[in-house]
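Chain IDs A, B, C, D, E, F and G follow the sequence of writing; residue 1 opens each chain.
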Amino acid sequence: IKFLPLFDRVLVERFTAETVTKGGIMLPEKSQGKVLQATVVAVGPGSVSQKGEIHPVSVKVGEKVLLPEYGGTKVVLDDKDYFLFRDADILGKYVE
Amino acid sequence: IKFLPLFDRVLVERFTAETVTKGGIMLPEKSQGKVLQATVVAVGPGSVSQKGEIHPVSVKVGEKVLLPEYGGTKVVLDDKDYFLFRDADILGKYVE
Amino acid sequence: IKFLPLFDRVLVERFTAETVTKGGIMLPEKSQGKVLQATVVAVGPGSVSQKGEIHPVSVKVGEKVLLPEYGGTKVVLDDKDYFLFRDADILGKYVE
Amino acid sequence: IKFLPLFDRVLVERFTAETVTKGGIMLPEKSQGKVLQATVVAVGPGSVSQKGEIHPVSVKVGEKVLLPEYGGTKVVLDDKDYFLFRDADILGKYVE
Amino acid sequence: IKFLPLFDRVLVERFTAETVTKGGIMLPEKSQGKVLQATVVAVGPGSVSQKGEIHPVSVKVGEKVLLPEYGGTKVVLDDKDYFLFRDADILGKYVE
Amino acid sequence: IKFLPLFDRVLVERFTAETVTKGGIMLPEKSQGKVLQATVVAVGPGSVSQKGEIHPVSVKVGEKVLLPEYGGTKVVLDDKDYFLFRDADILGKYVE
Amino acid sequence: IKFLPLFDRVLVERFTAETVTKGGIMLPEKSQGKVLQATVVAVGPGSVSQKGEIHPVSVKVGEKVLLPEYGGTKVVLDDKDYFLFRDADILGKYVE
């Protein structure tokens, strides 16, 4: 069973202790105990502009992103914690 | 007698203890005693864009969805509890 | 003398104890003593989109609708209580 | 000297004790001592849509209207009390 | 040196005790000691619509207008008090 | 090194005691010790309309303007105090 | 590993004690201990207009900008502190 976010929501999984990437090991940056780096797991179709057009989400599945300190909705899938953020609230992404 | 939600409202029925799906049994995720998974029972025509065009709802009858913790309006039909949510407030849907 | 609501307002009359419909008797659902089902008595021309176009109201005279718990403006006509709601605030309608 | 409301404002005169209309005598409905029925005395050109187009007011001079309980600005002209309401705030009108 | 209001601002001079007009003498209407009638002294080019088009102000220099009780910015020019109001806040104008 | 305001910001320098202009000496009008007249020193490119078009600022470098009593951001350049205001917040300009 | 801001966010690095520029040495202006001048390190693609068009950011990598006193999100990259600001919140830029 797969979970598809709706509209411009992005499902992410926060880094664990260390996440090995091609570019080397990324030590997650913590803020009040919360890991702020995450991997995109699923994305919604996008937000709807006033004219009813769909504006796609700006991150893709697999990308490494930097989350804001606050916000996000916890979603439990197969006993693992994921988080839903709005595309517009994701601060940026890491490219190698 | 059938109940048709108006505009972009979606009528849902929260999962009971276990809901059997093709993909297997889904144990509903609870938050403060409220089951957050639900089945779509009826949908409105959609929201009206500024230009007066109808933008259809993004979930269909029968789909399994994840509800936000808060919000929703209780509607009693034939002595059963249903809930009305705005399409934009539904977090995502489960596809098999 | 007839009363015509303006813009997207809808004039409704709340069900009395029981309202007989083709589909059978509908026992009105109460919330804090207020009957939430009602019959549409008159409708305004509709709301005006930003571009100045009239977007018609989505319920017709005679339809049975479900009102929200709060809101609405009481209007006394010929010593009977009616209520004005915005089209967008009416939760849904019952079809037989 | 005549007073012309600006934009979508409507100048009204509240009914006195009884107002005789073709359809018969209308006993004004009172709420907290305020008469809520009124006659339209003057109307502004209309509101300006985002695109700069004028959207005319939806009531005409001479029509009988139902005012909301709150709002309105008192205007004294020739020692008589009139009230200015926005077109969008007038609840409805009485047609014979 | 002349003062030109910007955007949709209107510079007005409140009536003094009595203002003689063709139509006769206008006794200014006072509210909390403030005279609410005024003469338009200068107008800005107009407001800018979302599409960047200028929508001209709806009153002209020399016209007599009715001011709202509140709002307005005092401007001292050549030791005389003037007031700046937004075009949209001016209630109406007197025509003879 | 020159400072260029961004978007619709306007950099101004408040009048000192007296500012000599062609039209004569202008005694700055003070409010709570703040001089409200100023000279435009630099302007941004303009604001961006919803459609992404640049709407130029409505004052030019060298013009004398009237500032609102509140708002504005202090900017120190070469040890001199300047202030940044939004174009839309500048009340008006003096023309000779 | 590079960090790319999303939408209209701009990644900046605040000046240290003195920053040598072609035009000479710039002593950073401090406010409550915070250096308000910074160098642009990375920029997002831009903001999305209502019509879904991307409106590019108005500063380029390498430019010297003046930051507002408040706002901004701290981002730690390779143990160095950077800050994320919205393009629209950057007050202006220094050109030589």
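Quick notes on this one:
One rule holds in what follows: contacts are C-beta pairs under 8 Å (C-beta built on N, C-alpha and C of every residue); 3 or more make two chains touch, one makes a residue touch a chain.
Since the structure is predicted, the reported quantities are computational estimates derived from the model, not experimental observations.
One copy, subunit B, sits rotated relative to the other, subunit D; on C-alpha atoms the angle is 105 degrees to the nearest 5. Separating the CA-averaged centres of subunit A and subunit G is a span of 24 Å. One inter-chain figure worth recording: subunit A and subunit F are separated by 43 Å, centre to centre, where each centre is the mean of the chain's CA atoms. Under the contact definition stated at the top, the residues of subunit B that touch 2 or more other chains are 50-51. The touch graph of the protein chains shown is a ring with every node of degree two. Note for the complex: subunit G touches subunit F at residues 21, 23-24, 26, 29, 49-51, 53, 55, 58-59, 66, 68-69, 87-88, 90-96.
Per the touch definition, subunit C reaches subunit D in the complex via residues 1-7, 9, 11, 42, 44-45, 48, 50-52, 73, 75-76, 84.
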